[in-house]
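Each of the next two complexes has subunit A plus one more chain, namely subunit B in the first and subunit C in the second.
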Partner chain A sequence: MTAVENPAPRQEEAQTYRPSTLQRFLPFIIAAAVPFILGSTTGDLNFWWKASITVVVLAVVARLAWKWTPRGELTHREDMRLWRTPSDRSWAALTMFGLLVLPFILASDFTPPMGFPWATWFAVVNLVLIFAMGAAAFNLLVGYSGQISLAHVAFLALGSIVGGIVGVQWSGGNMWYALPAAAVAGAVVGAISGLPALRLKHLYLLLATFGFHFVMMLVWREYLQEYFGFVGIRFKGENSPRIASWLHWLPGIDPDQNGEFVITGQFRWYWVLMPITVLSILFMVNVVRTREGRAFAAVRDRDVSASLLGINVARSKLFAFALSSAIVSMSGVLASFYIGSRGEDSFNVQTVLNYAIIIVVGGFSSIQGAIFGSAFFWFLPEWFKWAREELWFVRDIDFLSDYPSEIDLAIKGFLVVVILMFKPDGLAGLWRDFKSWFSRALARSNP
Partner chain B sequence: MLLAFGNFTADPSVNLQLLIGGLALGAIYAVVALGFVLVYKSTDVLNLAHGEFLMLGAYFALTFLISENLNFFLGVFVLLLVMLAFGLLVHYGIMRRMVGQGFFAIVLITLGIATIIRALLLIFYGPTERARLDLLPQGSFEIGGATVRYVDIIIFGVVAACVLLFFVFFKYTRLGLHMRAVADDIEAAAAMGIDPDKVYAMTWAAAMVMAGVGGLLFGHVTGAIDRSIEAIGLRAFPAAVVGGLTSLGGSIVGGLVVGVIEQFANGHLGTKWREPVAFSVMFVVLLVRPTGLWGRKDLERV
Partner chain C sequence: MSDAILTFDDVTVQFGGVRACDSISGRVERGSLFALIGPNGAGKTTLVNTISGVYKPLPGAQVQFHPQGEPTEDLLAYRPFQIARLGVARTFQNLGLFMGENVLTNLLLGRYIHEHTRLIEGGLFTRRAVKRELAARQAIERVVDLLDLGAFRRDSVGDLPYGVQKRIEFGRVLAMEPELLMLDEPMAGMSVDEKQDMIRYIYAAQDELDMTVFLIEHDMGVVMSIADHVMVLDFGQKIAEGTPAEMQQDERVIAAYLGTEMVEN
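Coming up: the complex of A and B.
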């Protein structure tokens, strides 16, 4: 009897981590930001307050990054964490720090060199927050769960309808009731609009959802004409959201003359939009990591195999639609109240195109990409405007200043084509490439 | 009431007028749907930019036939030649690199092309609307109290001729055979010595020429030529789907059916019901018979 040849058991390669590149440099980055922040607010009473925030955040970041550095092998639990590597954790901390400091920087009267637009940026940042939320939800549906849909603008309209009914007609500018109501309505209507997905795929699903878009547009126009006439719904002025009087003890809430705290102006809006956007994006990122989220990916890759693995395909698809639509509807409410009025042509086919541009430029099927994409989408016109007015080699080209918005549009379309042809992961992919290039370059220079 | 229904009229002449208007609209839809079908049939690409292609055709028709004041036949010839060149440009410049990419990426790239065309037309022609074309005979005659425009009959004839032409082309010519082979199975066709690249280029050129014809015809019946006429591309989707996205003859039947339904919805329920009704019809057809009335069924292997 011959001996059975056993192959040598495969040795699992132990994963060990060195401190990451960013982790090494993070203190320096933050230290470099400190004089900038402080310099921009000299003369401000909040000087010492901000200085101490900076120092505390710096200390906390360094401490946590050190504490959470995994040494030795990763357990499964560690491997499934939201921020797996020290680098991830450092980036998360840096982003949080940036988001907390950003409004103070933008509200200061700092004037950057060469007339770079600063005052208009606050509005742009707030729009980016709203759009990032909607685009991330769209990406969750289209990228992660592979259900092609063009109905997301319909859900923005649904958000506006719910905002109009609950927030304006029932409770006179109470956005806080409208938000959960829009989430519920979005989930229910989203699950209904997802029903064709049980039978149709790819192209046909795209067409069916596009049909849903037109039906929703009809509902929107009917609703508008029935209750508001042709001017559209007014979400600002007396309909602006406000903080209830029993919450006025909260820190940072300083009621106006008439004893009310109305959410108006970019600074206050930022503190409403930023937490909602960050929480909903974290929520989506977490959903992707759960069993449901992995089921999305399995259904996207091959629904028949997914059903053989014990995944309820119908449930998974409908859940993806409901989740995405709920969040898009909420962003629709936020957009309505932030922008202040929604009319007949607020939701046209160009809006559908805009969302497509955002997710393509940012990076298809990546939630991070949705954030990059919406930032790019809103900052591009600002940068372009600045370049037309200030940059000496652009300023003199009459052609550019004659057709500003058209050239914006052309650049966006051109970028979509170029990115899809040459770099399908978009800005998020470029960012990943840059990070890996940077760490490799660093590893080469000091091995 | 939210969903107020208009008053249904039993007046036969009104209904006849709606029917004729619907057939005229349907003929236009058929032209556009034919463009979708040509591209989808052989390259499996859903071309969302077809409305913009058509707008390009209409504006070029303005340039060549009105501004340059060329002879009608010479102008049409130049128009179609330019559109053909654009089709080759779209294929060799962009779509060629996208072969084998994911379905949605290709849909999005057509949206990108649409955006570029829209922006360029705005830059070069400006936002002002132009009067519609008036090169085809403008008169009309009456049948049973309903008006029929000569233009509609011409459009109808042109569409039928195009469908017939493509039918003969696909059935009896060598290149048509190649196109059908590539559409059926690109790898097997390539193994038999057919160059798919060339076939795709021909397809895009043909679709662009159809868009040129469509722009020329639609330019005669639209209210005015401006940037909003691209919407005809989206409005023709139900027609293409109802007829079946892989069927040439289906596009003409689908166009007529959807055009008539839309026109009746328009007349009896109001303008705002036009698109929802058309897309609902499409929706029902998709649920009952996803490949449309005459579409090719694809088997899916696990």
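Coming up: the complex of A and C.
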């Protein structure tokens, strides 16, 4: 079996229509152009006009993307694409478009009817981005590699420590040094915290990693008291991250009066958090669909079988711990700088449970599920709050307004039980069902 | 010295008070089809597990692997994943497949030892990683064609019928391109047609892919028709060894395995 560099397409006789490169990318170019076109016509059109134009354009784009995709059996190169099917590609284009347009919509002075909580949404979206990154890494370890770990918050704390040492103490607010440093520290400490996994499984591993959580909490407390006292670390103000002056020529970066470009406010943070989250999630998705990621799944399912395929099970487990912890530590740095201060009680066991809720509701062992789960986790309280204040049939129930956070938790807990019972693959599973229904419906209308 | 690919000597495996294998010795000739037979509980799978490194035998045992053109390796010094990398692959009696993953992923896991994409390369999806991934998929295609698995590429393994699952597992070890292929009851629970297909596939593996086959099998008809050399185990002991024809005449074998009514005749 000699390795062939680029396999010949299978079933060339299928005579499928092959689009040119321009045709392939045209839908995406059009989709990318829409916000700019709409942005230049701010004067006369109101929000609903813009929204309807956008929807129509996107529908046309999705239709074209569907039409210009080769049918029949895929070549292996096509099969390896991240977005294989026409519907995958349409959804990806929609998501990209949404991510680019969202901050502009949220920053506009648009106010929806009935006091819908628009203003607070920007902060929630940014938190979702940070949590999605951490939850995806958590899911990679717990769901995908099968290594049950409770040390998640320990690595958020590690991120804050590295952020404090490298970002605040050494460089006075340079998050850009702290991020790679946290990745390296997270990978090393993560591999060490994964050592019990070589001997323990399931519940025992869970307890061992939980022990690691308390060790790290001790380190965090000692570090705080040694250098910062009880007030905690301040990541804002003079320690806020900023864009270096040699990058000020970039479009959209207009320095403030004092000649600095400080990353502050939801809009600017969005453009920092969104690319980092998207890239780190893409990284994890790529790991999962290549050699080492397949090995993770193999070790999870049957470790004896995996070792007889030539997989070094111990090494594979440690890699899973190192990768997950590196990304969680980075999300810890981002969270510290975004939230602005971290004190003694910033990290607790409750947060581990929150992440567990996120990955169970979103969908176990699905990276996509982590995104859905964290969106659910942060938006649910917002919607609940809105319903409590605005909806006439909910507004008058005193019980709901008296115990808001308890009822939040109760709803989340109830949903976890419901999802575990009726839809074990969570929101990601629901989404997959919807997508396959949608593409079947499309295929029926395009025989 | 004739050309042996595997020699094992004085292999004794003990679980508590039970001797699953009691000082078993033997040799497998390069390019041959070696069959290991015996009633249930005879210690066949234990022997294969010892050779592939899952069980450790009592001291004094020797298991040596002689790869083509390479120095002899003492398999007892290695861990299972290292033995797999040396070129000794095996299947499982009750399937070692990853049921939640699709067929392609299962087969690609067979290429794990031949691909060399690192974690970070894979995560960045570099050009080199893509090239290696394509090469692995190309190697898989040969196995897919050989075993007629083309229709199932993206199906979840757990949803497929048992006969197909057996074939997928066989395909996965073929993708590993081992020198020595150990098959633990590849035909258990199959229909006659499926068994004939499997025999065809084993021949194809032996001839086209140049592998030595070490086969555990219960079906005497199959063993007698395809094996070059047969070893018979009973209660952890080797009771006979020779060509299939010799084994059919051997009284101990007949008594232990083929049934007593043949002795009465």
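In this section, the second predicted complex is superposed on the first by the 369 of 447 C-alpha atoms of A that agree within 3 Å, B and C clash if a C-alpha of one lies under 4 Å from a C-alpha of the other, contacts with A are read in each partner's own complex, and residues count from 1 in each chain.
Keep this in mind: a residue touches a chain if its C-beta (ideal position, glycine included) is under 8 Å from a C-beta of that chain, and two chains touch if they have at least 3 such contacts.
As the structure is a prediction and not an experimental result, all values here were calculated from the model.
Novice: Under the stated touch criterion, which partner chain does A:353 make contact with: subunit B (first), subunit C (second), both, or neither?
Specialist: first
Novice: Kindly classify A:77 by the partners it touches after superposition: subunit B alone (first), subunit C alone (second), both, or neither?
Specialist: second
Novice: Taking the superposition on A as described, I'd like to know which of subunit B and subunit C A:214 touches: first, second, both or neither.
Specialist: So A:214 only meets subunit B here.
Novice: When the two structures are overlaid on chain A, which partner does A:444 contact: first (subunit B), second (subunit C), both, or neither?
Specialist: It touches nothing on subunit B or subunit C.
Novice: Can A:298 be said to touch subunit B (first), subunit C (second), both, or neither?
Specialist: Touch status of A:298: second partner only.
Novice: Under the contact definition given at the top, report the residues of subunit A touching subunit B in one complex and subunit C in the other.
Specialist: Residues common to the subunit A contacts of subunit C and of subunit B are 302, 304-305, listed in rising order.
Novice: Which subunit C residues qualify as touching subunit A in the complex?
Specialist: For subunit C paired with subunit A, touching residues are 52, 54, 79-81, 84-85, 89-90, 92, 96-101, 105, 108-110, 112-113, 115, 117-119, 121-125, 129-139, 141-142, 172, 176-177, 209.
Novice: Any idea which subunit A residues touch subunit B in the complex?
Specialist: Where subunit A meets subunit B, its residues are 142, 148, 196, 199-200, 202-204, 206-208, 210-212, 214-215, 217-218, 221-223, 226, 302, 304-305, 349, 353, 356-357, 360, 364, 403, 406-410, 412-417, 420-421, 424.
Novice: List the residues on subunit B that touch subunit A in their complex, please.
Specialist: Per the stated touch rule, the residues are 2-3, 46, 94, 97-98, 101, 103-105, 107-109, 111-120, 122-123, 231, 234, 237-238, 241, 245, 272-273, 275-276, 279-280, 282-283, 286-287, 290, 302.
Novice: Note which residues of subunit A are touching subunit C in the complex, please.
Specialist: 1, 3-7, 10, 76-77, 79-80, 283-284, 286-287, 290-295, 297-298, 301-302, 304-313, 319, 323
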